[in-house]
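All chains are identified by letter, namely A, B, C and D, in their written order; residue positions are counted from 1 within each chain.
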């Protein structure tokens, strides 16, 4: 098979995006959506066709040299290996479905061309991240998704908050990118290459002392993109974007890029135990933090956003405890069911007449029972109901943590299990508030395009049975994904322990479900307590950052401008000018304008000359 | 046109004096607005064609590609010597491109159009002369020739506080360049005493043996002239004022070209002439560049005038360029020169767009603007593109240069490079603030008169013609910078190997 | 004999000039100056330059001074409204006298130091014929230049006057 | 043998200084011009004396040129005095201080 087919993978969405961007406004309405959908769908089909290329260590292909200078060689080159292949398949697949969904969702939108152009460009950039064979191209994708996310969050730009949310997302993720950039610079300085395969290969050559800071820098980059502590504040606000965007970018693909980066560079990352521990801790902390915030959110999409953050925390934890397979498995399954949930949420919002607040929904089960069942599947996956995809993938992560056996892993495991309980609780809270009881809103339902429903079942199936991808031996599976990725399979635990853990997980699932059932099956208005507000506002991190970072930043900026530029530099220079002017004032008085005064000057000059001549004559 | 036929013509003189001929013709036909306008366009267009011919026709070899050398004032050893290598070629091409843009953007010039175009063309001669001259007196002549048209462009056709800005610009650069003149003459005398041959030629003067103290002093004179023009912190305060008050063409030329002459002077004259002093000054340059990156980015963040934001962003970008030069290796230098060209295109484009914005709304105030995407989608798309390029989005032009600079600088000063990378975040902060203020949000107050939107006209044909090539250039330089890096490679390695001149 | 005449004429010239310089009334000043010029003309004659002496009388005393008189009368600068009615005070005189005195002292000192000093002026006579011959042979070009100069002066004087009239006309018109 | 050349020079210097003082001290434009005339005459005296000393005609020729130039100068400067007088209704130089800084 011609490996150059791979290049089409990224070129197709790019072409779709560029065409839509440049000529979209001249195309007929349906053409815009069709163009976008077909380019992504073609990419998906192409991934399937190219699948065999990923086997046997992968395939490398180069389009042209992008940046070449002494020692530096960055190509527009792709590297298609099992890890990239599985991610690519997921991204193109989910993206295709979401594009189709979006065609329905944005049916009446005026500025469709912009939307689809950005969406296609996003897929292009995401594929660049996944397929890049060097860190610079990966960085291109990395920033590209950041920009597309910016454009799409602020898609409805006429509301100021939306555009501000987009900007926040861009800048916060860019803070993470800074760390990534530094890591990139450092790696190049140390190894003289930016090629990912080579870096992984030669990682052992590096001074072990340097690896930990490098890994931490990479982690910083990953944290920004994947909304992990402490760079997570942008994700909830990013829900200001259209729902397909949330589903695609802020649930299934972009936010998992951080996880992917760590997996991609796992040979390097795994060399630093401190780094790995930090990754795991950040993951666990974020998982817990986000789950706690999700408990009290009022907007349906924000609940899902916090849950995404929490689930990505699990993935980080998986990478941190050393299981790439578990991380990727959870990533894939999560992508399916979270896309399902977001798209379902989008449909629900349409159904509730554009209402976001779950306390003003309710009773939507009667309005569309089919949607309820689909959403239920998503919720079950999220909550980790036994035998769903989400259960298996999450279980694998906790199992790995548990099996490591050291103190830190035990704590991580404990946090993970507790968070699973919280997850179960807020998932069912959402379900009950939205679907049960009576309709509490005052808006009438919008028309629901069939596209909005019929893209969901496929995702539901994938989510439900996603566990099969990497089913452990314990359940009679064969750990397909681990083999495909070529990583070590999970450790075998003794049977009683396995059963005990399984029981514990189920217990926590039920322990989360029961209170939700009790409190939220019948809707009661909740009193607002400071504690609730604290969680609702995400532990007030926004306010904290505002005070600790933004205000000083603005202060320094103003100080530099008014104190530095205006007062100091201009002051000094204008001061010199004024001094000269002042002294000039004295000299100016010499210019009396009187002819005789000037002539007198002449005469004195004459006298001087004569005197000088005389002096010379005398001596 | 083949290479041979190129070298047979005195093509450097042609490209240099063509704009001046345009100036004279413009003054001759000063009564016809139409004639002047087309004359200016034709002249700049012809220069562009010549530059493209050179760019395509010349090989990418190190060393001088074309030289012209005639005696001019033999008594003082002053020669009329022009020479072109990869670096000058690139900058001359950039000049040619941006001057066409400058003429097109001031197409509707109403006040004294003939004089305006004449000055713009005169400026072009000055800038091209700076990029071509290898005799120090000739260089100085063009260096000052650049100053005067710019002074009048700002002072006569500028906005509000134009006289203050023009004088500030004038005095800053003049103070610097007078120091350089002193240094040139001292160097000339020292060299003459040593060798018995009094000459202002760069090649000869490079042979001068200088004691370290004297070398540092003379280098200081050159450095001051160049860093003021660049401008490096803390000599930058003329730039925001000049940019803000200058007419569109003036801003384009200032940002796109005049700032580059400073960098060019550094690498062509200051560094090769005083290699030891240059090496000693590198840490200072790097520190100032770094301060400039942060300082300018911070200040840009609190500006409300779009032009001021872009002006301060220029200071920050030039900080990157200087940082690259201070790193003193192939990678960083290639990056610095690439960034220089990229910055010329993107910032030039931004100033053009701001001029269009001001034409339509009469304001550049971020607080009063907003929601342009609704009314001017095409304009806004271009604006967004150029802003993104300016904030260093990979795949667009500035990124390629910035990352090369950072990669190169990290090899020498890891901490500085890491800090400079942080500057990229700040650039995102202020650029997005501009985008936010201009494109997004509800329609600004200024854009409405009563209940009616006062802007309906998106880009017209002239503006499309102007923006599309620039936008293509931005994308092209972002994804295939090899076009520029190839011709730069040889000359840069020559320069780095000890101030090498061919 | 000639020596005595020279000293007398010199004294007359200096005194007349001093009177001319110090007069408040310009008319008086001009008259004193004419005196001084006559004395000078005689000295010229004494020094063997009869033609120059004649022209001194004709041009200076005759033409230029009369021109001055005309102007004084035309502008009605009678002493009554002379700008110098109070006369320059000591503040103006003092530095000028100082300069004058110093210059004089310097000159005298220099003359004292002149090695070839004390050369006597010989009796000598330049006939108008010789004079004319030199003027129109060796200095023909200079004569042309000077005549042009005179022409330009005439044009200039005319222009200054005319521009003035035009301005006045404009003033009348408005 | 008339007088020593130095005596003539002293006479010329005296005349010149008197003219100079007139120029410096007087405020009346006419008087200043008169001072200039005196100085020019002093110069002419030196020229004639020098001509006699070396028995060369050139000095006298120069005096002729001097006179011609003086008449040109006077005609223009008097025209300007008239002009200035019309402008400010005075011939006091203190009134003409437009060059004052």
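To be clear about the criterion, contacts are C-beta pairs under 8 Å (C-beta built on N, C-alpha and C of every residue); 3 or more make two chains touch, one makes a residue touch a chain.
Owing to the predicted nature of the structure, the values given are computational and were not obtained by experimental measurement.
S.K.: If you tally contacting C-beta pairs, which comes out ahead, C-D or A-B? Let me know.
M.R.: C-D
S.K.: Based only on mean CA positions, could you tell me how far subunit A sits from subunit B in angstrom?
M.R.: The separation of the two C-alpha centroids amounts to 37 Å.
S.K.: Whole-Å distance, subunit C centre to subunit D centre, using C-alpha means?
M.R.: That gives a centre separation of 5 Å.
S.K.: How far is the middle of subunit A from the middle of subunit D, if each middle is the mean of its Cα atoms, in Å?
M.R.: 94
S.K.: Where the centres are mean C-alpha positions, what is the separation of subunit A from subunit C, in Å?
M.R.: Using C-alpha averages as centres, the distance is 98 Å.
S.K.: In subunit D, what residues contact two or more other chains?
M.R.: 20, 24-27, 94
S.K.: Which subunit A residues touch at least two other chains?
M.R.: Residues 600, 603 of subunit A touch two or more partner chains.
S.K.: At which residue positions does subunit C touch at least two other chains?
M.R.: 96, 99, 103, 107 - these are the residues of subunit C that touch more than one other chain.
S.K.: Chain pairs in touch?
M.R.: Touching chain pairs, listed by label, are A-B, A-C, A-D, C-D.
S.K.: Under the stated contact criterion, what part of subunit D meets subunit A in this complex?
M.R.: 20, 23-27, 32, 93-94, 96-101
S.K.: Given the complex with subunit C, which residues does subunit D contribute to the contact?
M.R.: Within the complex, subunit D contacts subunit C at residues 1-11, 13-15, 17-22, 24-28, 30-31, 33-35, 37-38, 41, 44-45, 48-49, 51-53, 55, 57-58, 60-61, 63-65, 67-76, 78-83, 85-86, 90-92, 94.
S.K.: So in the complex, which bits of subunit A are touching subunit D?
M.R.: Subunit A residues touching subunit D: 587-596, 599-600, 603.
S.K.: What residues of subunit B sit close enough to touch subunit A in their complex?
M.R.: 171-172, 234, 236-237, 240, 295, 298-299, 301-303, 329-331, 334-335, 371, 373-374, 377, 381, 388, 393-395, 399-400, 403-404, 406-408, 410-411, 414, 417-418, 421-422, 424-425, 428-429, 432-433, 436, 439-443, 479-482, 485, 489
S.K.: Quick one: in the complex, what on subunit A touches subunit C?
M.R.: Residues of subunit A touching subunit C: 600, 603-604, 606-607, 610-611, 613-614, 617-618.
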